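Below, chain A partners chain B and then partners chain C, in two separate complexes.
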Partner chain A sequence: MAETLSRSQNPRERLAFVLVWGAAAVVTATFCWLLGDILWHGLSRLSWTFLTAPPESAGRRGGIGPILVSTFLILGVCLAVSLPIGVGTAILLAEFTSDQGLFGRMTRRSLDVLAGVPSIVFGLFGNAFFCKMLGLGFSILSGGLTLACMVLPILIRSTEEGFRAVPANYRISAAALGLSRTTTLVHLLLPAAVPGLLVGLVLGVGRAIAETAALIFTSGYVDRMPESLLDSGRALSIHIFDLSMNVSGGDANAYGSALVLVVLLLLINGAASWLATYGLHRKIATI
Partner chain B sequence: MTPLKPLAEPCPQYLPNDEPACRKPHPFVDVDRLSLHYGAKLAFQDVTLSISKGCITALVGPSGCGKTSFLTCLNRLTDLIPTCLVSGRIMIDKLDILAPQTDVIRLRRRIGMIFQKPNPFPLSIRRNLEFPLREHGVRDRTQLGSAIETSLRDVGLWDEVKDRLDSPALALSGGQQQRLCIARSLALAPEMLLMDEPCSALDPISGGIVEDLIVRLRGRYTIVIVTHNLAQARRIADHAALFWVHNEAGRLIETGPAKQIFEEPHDPLTAAYVSGMRG
Partner chain C sequence: MYRYLDLSRQKIGHVLSAALLLALGGIAETAIAQTTGTSQLSGKLVVTGASTLAPLISEIGKRFESLSPNVRVDVQTGGSSRGVADARQGLADIGMVSRAMKDDEKDLHAFPVARDGVGIILHKDNPVQSLTDEQVIAIYTGRIINWKDVGGKDAPITVVNKAEGRSTLEVFLHYFKLKNADVKAQVVIGDNEQGVKTVAGSRHGIGYVSIGTAEYDESQGVPIKLLPTGGVPASTETVRNGTFPISRPLHIVTRTSPIGLTKAFIDYAQSKAVHDIIAQQYFVPLVN
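For the complex of A and B:
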C-alpha cells in the first residue's frame, strides 16, 4: 500500500502519502521526544535514595518515598472499591439484563456519559461528597474513593464487553449439563471474561495513577509519610505538578518523579498484557 | 420422580450383540399436543409422539421445521430463551417435566444433550469431565478418576487421550471433541441422550466413528437424534418421526418404526421426502 502510494505519479495520491506518513511520524516523534526528554533529565536523579527518602525543602532536594507510599495507598483504595463493584455491575448488565430493556439501556447510557466527564468535576464532587458530607476530610480515603468513581465506568463497560464476548454455547452447554447459573458464572464465564476485565483495569489504573485534578481537591498535597488512610497524602502526579509549577528550582526532581510515573505505567501495562496472554490463559485452559 | 441412579457407578455391560437392544419397546417419553412459540412466531404445533426406552428415535425433516426446538423442550433448555412459550404436556418416566415445580437441574442431569458443533469447555480434558461431576456432588478423587476413565472408554477416546488428560480439550480434533462431549454427558449417568445433528459438523471418518458409537449406546440409553442424513437415519434408527412445515409452522406428519417410515410410508409427503424427491 505504502509503496504503491509513494511511487504513484498521481499528485493527489502522493499528497495523501505525505499526509498519512507525516501524521504517523509526528505522533511517534512526539512520544519519543517526550520520553527522551524525561529520560535525559530524569535518569540522573533516579537512585534508591530518591525512591525512599522524604522530600526536603518543598521537594527541591531529597526523594519521593512518602509520595510513592501515598500513591500506592490511593490506588489500593481505588481498586479495592472499584473492582468488586465493577465486576458485580458488569455481571448484572451482561448476564441478568436484556440488551433492549429500559434498565440496561439507562445504566449503560449513564456509564458512557460518566466515562467522559472531566476529572476536575469528579474532584469537586469528591470534595463535596467524601471530604465534606461524609466528613472524611482531605485524605487518602477520599482520594481513593473519588478515583474509584472515576474509574468505575471504564471498568464496568469493558468487563461487560468481556462477558458478552464469551460464546453463547458455553452457557447453553453448561445448562444442558445441569449446571446452575451461579456455577456457570463463576467457573466458566468469569475466567473467560478476564481479558476484558484486564483491559478495563489497565485503562482505569492508567487514568487513576496519572490523575491530578481529581486528587488536588480530595487527597490534598501534604508530602509527609501518611500514618493512616485518613491522613492527607500527596500523589506522584500532584508532586510533579507542584514541583514544576510552584517550586522554583524543582525541575530536576520533577523530571525524576515523572520518570518514575512513566515507568510505573509501563510496568502496569506490561504486567496486564503478560497476564492476559500467558499467566491466566494457560492456567484457565488446563486447571 | 424415580430416585436418581448414583453417579459414577460402573456402567452396565453392553448388551450382547445378537440380542436386539430395543426389542420390546415400551414408552419412556410421552409428548402430548406440544406447541412452541418464539414470541408471536409459532415454531411447531400439536406434536404428539411417544419415544421408547432404549431405542434410537430419529427426527427428520426439512430445515426450520422445529426439530431443534422440539429437542430443547425435552430438557427444558427452552427456559433459557425468555420469549419462548411451550404448551402441551411432556411426561418423562411418569414425571410431568413442563410443570413449574420440576427440578430442571436434576432433569438435565438425567437427559444429556449433544450439539451439532462440538462444544467442550476451554478447560483441560480432565476438567471437562470432572467439573460437571463435581457440581453434581461427586467429590471423591478415585470415584472421579474411574468415572472419567469409564466414560472415555465408552466413547473410545481413552487410548487416544489417556497420556494427555491435562492438556486443553480445544486442542483435540473436531471428532475427538464431539466424542469428549458425549463422554461428558455419559459421565453423569443419564437415562436419555438428545443429539442434534451430532455428525454433521464432522468429516466423514469422524462422523462414522461417532455414528458407530451411537449405535453401541443403543439399549443403555434412550436416544433421540436429529439428522439431515436420511441414509444415517435409515442405518441407525429404530423409530423415525418426520416433521414438516405447514403454513410456516412445524408439524409432525408421520411417526412409526423406521422400517415402515423409510420403506412403506403412509403419507405421500413422507414418501416423497424419504425418496429424496422433496425437502
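For the complex of A and C:
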C-alpha cells in the first residue's frame, strides 16, 4: 500500500496509471453505452410473441420467429461443415506437419490471408460458387456453407494453437507406453486441445451470427418460415440492417432484434466458457 | 420449430449429400416447374432487385401466397441494376427496378406497380425554407459551400449523396441535369432510411430521399424537413396528382412476355387489391 502511494507520487507513474485506467474505462464505457442503448430501446419489444411470431408489414410489426429459425439453421450448417474440416486440418497442421515444412507454412499463410478477407468477398464468392455454380440458389445451405468458408481460418488456427499448447511430454509418454498415434490423438491430445477449439468456436460463431454482407447474397432476404435447407431464409443481422436502413418505422423492431442478437451471443459465449471450465476437467480426469 | 433443429442436427449429412447430388446433376433450384392449373397456381417465383421495392413486393408476395397456398414468392434485394441483370440472365423470374426504364433496357417487359417522389431534405433546425433548382445544383457541384449564401446561417454545407447504382441518385441527377462525377459530396449513403438518419444527425446537412420515407419519419418526430421543388410542396399527395416534378415509377420487369404464374403475380401486383399495401409502405399507388 505504502509502495503504491509513493509510486503514484511520481508524475510519470501517475500519467501511465491514468492512461491505462483511462483506456480501460473508455472500452468499458463504450460497451455499456452500446448495451444500454440497445436495452433501453429494445427491452420493451421483447416478449414471447416477438420471438415466435412472423414479421408483418416488412418487419415493422410482428416478431422474428422465422428469422430466428433461419439464423439457427444457417449457423447449424456452418458448424456441421466447419467443425470436422477445421479440427481435421488443425490436427494435420499441428501433429503431422513440421513447423518449418513448406506445406505447413503455405497452409498457415493462406489461412491467415483468408482470415483477413472482408466478408463481402466471401459473400460474392458464395453467390458465384454455391448459389450459381452448384445451383443451390438463395438458400440456407448456401449461406451456411459460405459462412463455413469464412469461419474455417479462425477455427483452424486457434485449434492448432490448442494442440501446440499440449506439452510434448504427453506425446512422448504415450509413445513410450506403446499407444498408437490414433489412440493418443483421440484420448489425450483432443481433450487437451479443446480449450483452443472452444476459443476458435466462440470467435467463429460470433463472426458468423453477426454476418450481414456475406449472407445477403447467399441465404437471402425471404422472411418466411423455412421448410427445408434449400429455402431462402433471412438471418437476424440482415433483418436488423433492413429494418434500420431500408424500412421507415422499423427502428423499434430493429432494436428488439438487436437485443435478441446480443443476448444470443452472450449465451453462446457463456455456454462455451462453462464447457471449457466444467465439462472438460471431468473429461481429462477420466482418461 | 423443433423439427427444424432436429433436421439441422441429425439429418444434415443426408441433406448435404442430397444437395451435392442435386448440384452435380446440374438441377437448378429455381427450375422447379411453374405450373398453372385451371383452378390453382403452384410453383416458386424468384424476384430480385431494388432494395426500395423489396419490402413492398415481399408484402404483396405474402398476400399472394395466402391466396394461392402452393405458391412461394422469394424476394431478394440488391439494387435496380441487379434486378435488370438477374431478369436478363434468367436468374430471377421477375426483376425489381425503382426507376423509369432506360433506352437500352427495352428488351425487358416492364410493369409499373407504384410511384415514388424524391424530395430534398434538410435538418429541421435549418432556417432555409426553400431552394431554387439553381441553388441545389450549385450546392451539389460545390459552387456554394456555405449556408449563408442561400439565406441560412454561417455554416459549411454537408452534402449527402447516394451511392452509384441507386435509383434515387439517377432520378435526382436526371432532374437537375447533373453528372455524378460533378457532385462534390461529403457523405455517400445507400438506402433511404440511412439518408434520413444522416441528415437528422447533421445540422448542416442536405440530402434527398424517397418522399414517402421522409414524410413518415417527419411525422414520427425525426428532425428533418422536406423542401418544395419548383414551388411544389413535396408530399405523397403532390406525387399522386402528378404535380411534383421529381418522381419515379417503380417497375417489376421480366425478360420474356409473362405467362402462367409470373403473369398471375404481375397482374395481382398491379391490381387495386394491393393499393393498401402500397400505401402502408409509403409509396403512391398508380391511378389506372
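Odds and ends about this structure:
Basically, the second predicted complex is superposed on the first by the 265 of 287 C-alpha atoms of A that agree within 3 Å, B and C clash if a C-alpha of one lies under 4 Å from a C-alpha of the other, contacts with A are read in each partner's own complex, and residues count from 1 in each chain.
Everything that follows uses one rule, which is that contacts are C-beta pairs under 8 Å (C-beta built on N, C-alpha and C of every residue); 3 or more make two chains touch, one makes a residue touch a chain.
From a predicted model like this one, the values you see are computed outputs, not experimental measurements.
In the three-chain model built by superposing on chain A, chain B and chain C fit together without any clash.
In the superposition on chain A, no contact is made by A:L201 with either chain B or chain C.
Set against each other, chain B and chain C differ in how many residues of chain A they touch, and the higher count belongs to C. In the superposition on chain A, contact is made by A:S98 with chain B only, not with chain C.
Contact with neither chain B nor chain C is seen for A:L259 once the two complexes are overlaid on the shared chain. When both complexes are overlaid on chain A, the residue A:S244 reaches chain C alone and has no touch with chain B. In the superposed pair of complexes, A:L73 makes contact with chain C only, with no contact to chain B. Look at A:A213: by the touch rule set out above, it reaches neither chain B nor chain C. The three-chain arrangement built by superposing both structures on chain A places chain B and chain C 160° apart around the Cα centre of chain A, to the nearest 10.
In the superposition on chain A, A:L147 contacts neither chain B nor chain C.
After superposing the two complexes on chain A, the closest approach between C-alpha atoms of chain B and chain C comes to 30 Å. Across the complex, chain A is touched by residues 1, 4-5, 7-9, 12-13, 15-16, 19-20, 22-23, 26-30, 46, 51-52, 54-56, 58-59, 62, 65, 72, 74-78, 91, 190-194, 196, 212-213, 216-217, 220, 280-282 of chain C. Of all the residues in chain A, the ones that touch chain C in their complex are 52, 57-59, 65, 69, 72-73, 76-77, 80-81, 132, 134-139, 141, 216-217, 220-224, 226, 228-230, 232, 242, 244-250. Interface of chain A with chain B (complex): residues 98, 169-180, 183, 187-188, 191-192, 284-287. Remark: chain B residues 75, 77, 80, 82, 104-109, 112-113, 115, 117, 119, 121-124, 127, 131-132, 135-136, 166-168, 170, 181, 184-185, 188 touch chain A in the complex.
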